[in-house]
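Chain IDs A, B and C follow the sequence of writing; residue 1 opens each chain.
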Amino acid sequence: MQAQAPSPVATAAASLSGGTEVAPALAAARLALSRDLTLAFRKRGQLIQPLAFFALVTMLFPLAVSPELSRLRAIAPGVLWVAALLASLLALEFLFRDDAYDGTLEQYALSGQSLTWLLFAKTAAHWLLTGLPLALMAPLAAMSLGVAAAAVPGIVLVMVVGTVALSLIGAIGAALTLGMKRSGALLALLTLPLSLPVLIYGARATELAIGGTSFIAPLELLAALAVLAVTLAPLAAAAAVRISLE
Amino acid sequence: MRWTWFHRLASPPYLYALAARLTPWFAWPAALLILGGLYAGLVLAPPDYQQGEGFRIIYVHVPSAWMSLMVYVTMGVAAAVGLIWRMKVAHAVAASCAPIGASFTVAALVTGSLWGKPMWGTYWVWDPRLTSELILLFLYLGFMGLRAGFDDTQRADRSAALLAIVGMVNVPIIHYSVIWWNSLHQGPSVMRLGKPTMPPAMLVPLLVLLLGFTLFFAAVLLVRVRAEILQRERAARWIGETLRA
Amino acid sequence: MNLRDSRAVPVNHLEAENLQLWRGDRHVLKGVGFTLSRGECLQVTGTNGAGKTTLLRTLCGLMVPEEGRVLREGRDVRADLPAYHSSLMYLGHEAPLKADLTARENLYYWIGVRRRVAGAELDAALARVGAGACCERLVRALSAGQKRRVALAGLALMFAPLWLLDEPTTNLDAEGQQVVGALMAEQLARGGAIVVATHQQLPAAVRVAQVLELAS
């Protein structure tokens, strides 16, 4: 086959592709990731917003409930997770919105690359910019609620795993609401019920970590959720983005 | 040109006519079964030895809770069919399911909390079934909210269909995590039903009502699907012809 | 392997068969069909709302027609969309540029997702479209015409056999239009095909093989 002289059609095609090499899927995904990180660092002000929100929500509880550390310590796991859930929800609206407006998502969908991988990369960037900082900030918030320093590694670990799942589940909601002018409340209505298992296992693992006992069982369940989200959520998000481009 | 119109609309008029023909076949048996079942359950069945007359609310609560899940599954399957095979009438079916399912969910929640009052002296208990039911209501509301958010029917159909599929994957996960959550904070599962010890005089009316509710759902769904098709195909010529005929 | 098949039977580069598409109650594409060979340019005209953009989006596979199909090299493009997509370049009237990236970075990320691209290539392309001075400037600071030129540099870098262009000459001065003309002529000369939707006059360098008028 290869020995045959190339046809005019084939030569034309070769000159069109210009000897250029198609980027492999992973390289394309890495590029999408670094693009989003670069963009985020150009607008550093926005990066702080979810963190400030997280701190603010945490602060509401001593004011609303009681400044007594013993009482706050009892509700600390719930406070941390509700605050983290709301903060990651707040950041979701911007996950795909700008790229939908300026046609970047369209170019991604037409790039010949896997849209699933590209959206996974975008979600990963989003997690690095919001989920991970939240997890790293959680011990600070926890200690302000009277939690002992010994619980810090556990809290961070649980939060890291949980926010991965939250970002991915949120990506589905963000992609589904792309065609809308205002999506804030609807995004919450779509995302929060789907995030409840993460909240349940995350809060329980945190509670055990604070109590100083083994939190491996809920953490495993949480990790299972995260793995499931990693596998399925980008597929669903890609399908949703395609629908929004129709 | 005429052929494309014909082709495109071939199934909606067919389904419209079929739904009209089938509705009585579901509606009448549903009415008979529900009336009979209610009579048997509320009057004939003996009072429960523990709960007295109060237990009779299960004859509404359990079928409603059962339907709330079944409608969600029906909706998810219809949505998947619509999404995968690009079948418009399937989206019409999914869209018609949502308000029915949400109504069953509300009925299950209301009867559940009414039941709670004599049982535990409070209208609301964070029982795993009631909690799951409440989350299910939010899933329905999300589906309807997403549909309402789009002006374009096609996009609303397809986005909502995707959400319904995601929801179907999640419903068992949510359900089991809620059960897991509840088992931690002890609290006996209050509405343990369908015990094998349930005497036939109590069980049979329940089964009759389950069947009756299912048929009732089918009848209401057919009516709603017809309305939905009329709404969607309002510009099509067959509608005028059908309605005049 | 597409190419091997096409050697046996000479087939048309891009073909649309009886495309029918509705948006809600609106019948937008009413049986659109055409056949485009290599090296040919098809101009799609029609008033605003006649469905030019819809046609382009249908041709590139974003929208699915209710009836009809799009064929490339005699094959339904839906059979292998990723392969089809890597052989086409769609440029909508909004250029996919980020205000907070420089012109060069924008091109790097945009083209880089599709193929490996060297920095020198980017600079050459920007210089070619007369935007060499904008290389390191943030797109936020560019005028509408300059942004358009950056988008054209993307076109110059994309060696795709099929171009689908939506109003490529908008916002461009006479010189910019010349650049578009030259790029398009080059694409045709090397055997590529172009579908361009515009109600404006195309630059003289572009030999339009067919005109398709969409009625609203």
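Everything below uses one rule, namely that a residue touches a chain if its C-beta (ideal position, glycine included) is under 8 Å from a C-beta of that chain, and two chains touch if they have at least 3 such contacts.
Only a predicted model underlies this, so the values are computations on that prediction, with no experimental measurement involved.
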Two chains sharing the most C-beta contacts: A-C
Chain at maximum distance from chain B, centres defined as averaged CA atoms: C
Length of the line joining the C-alpha centres of chain B and chain C, rounded to whole Å: 48
Inter-centroid spacing, chain C versus chain A (mean Cα positions, whole Å): 33
For chain A, residues that touch 2 or more chains besides their own: 246
Two or more partner chains touched - positions in chain C: 64
Residue list for chain B, restricted to those that touch at least two other chains: 152, 154
Residue numbers on chain C that touch chain B, as the complex places them: 20, 22-25, 30-31, 64, 66-67
Footprint of chain B on chain A - complex, ascending: 172, 176-177, 179-180, 183, 186, 189-190, 192-194, 196-197, 200-201, 204, 221, 225, 228, 232, 236, 239-240, 243-244, 246
Sites on chain A touched by chain C in the complex: 1, 7, 9-10, 12-13, 15-18, 20-23, 27-28, 31-32, 34-35, 38-39, 42-43, 98, 101-104, 106-114, 118, 242, 245-246
Complex contact set, residues of chain B against chain A: 135, 138-139, 141-142, 145-146, 149-150, 152, 154-155, 158-159, 162-163, 165-167, 169-170, 173-174, 177-178, 180-181, 184
Chain A contact footprint on chain C (complex, rising order): 3-4, 6-7, 38, 57, 60-64, 82-88, 90, 92, 94-98, 100-101, 105, 109-110, 112-117, 159-161, 190-192
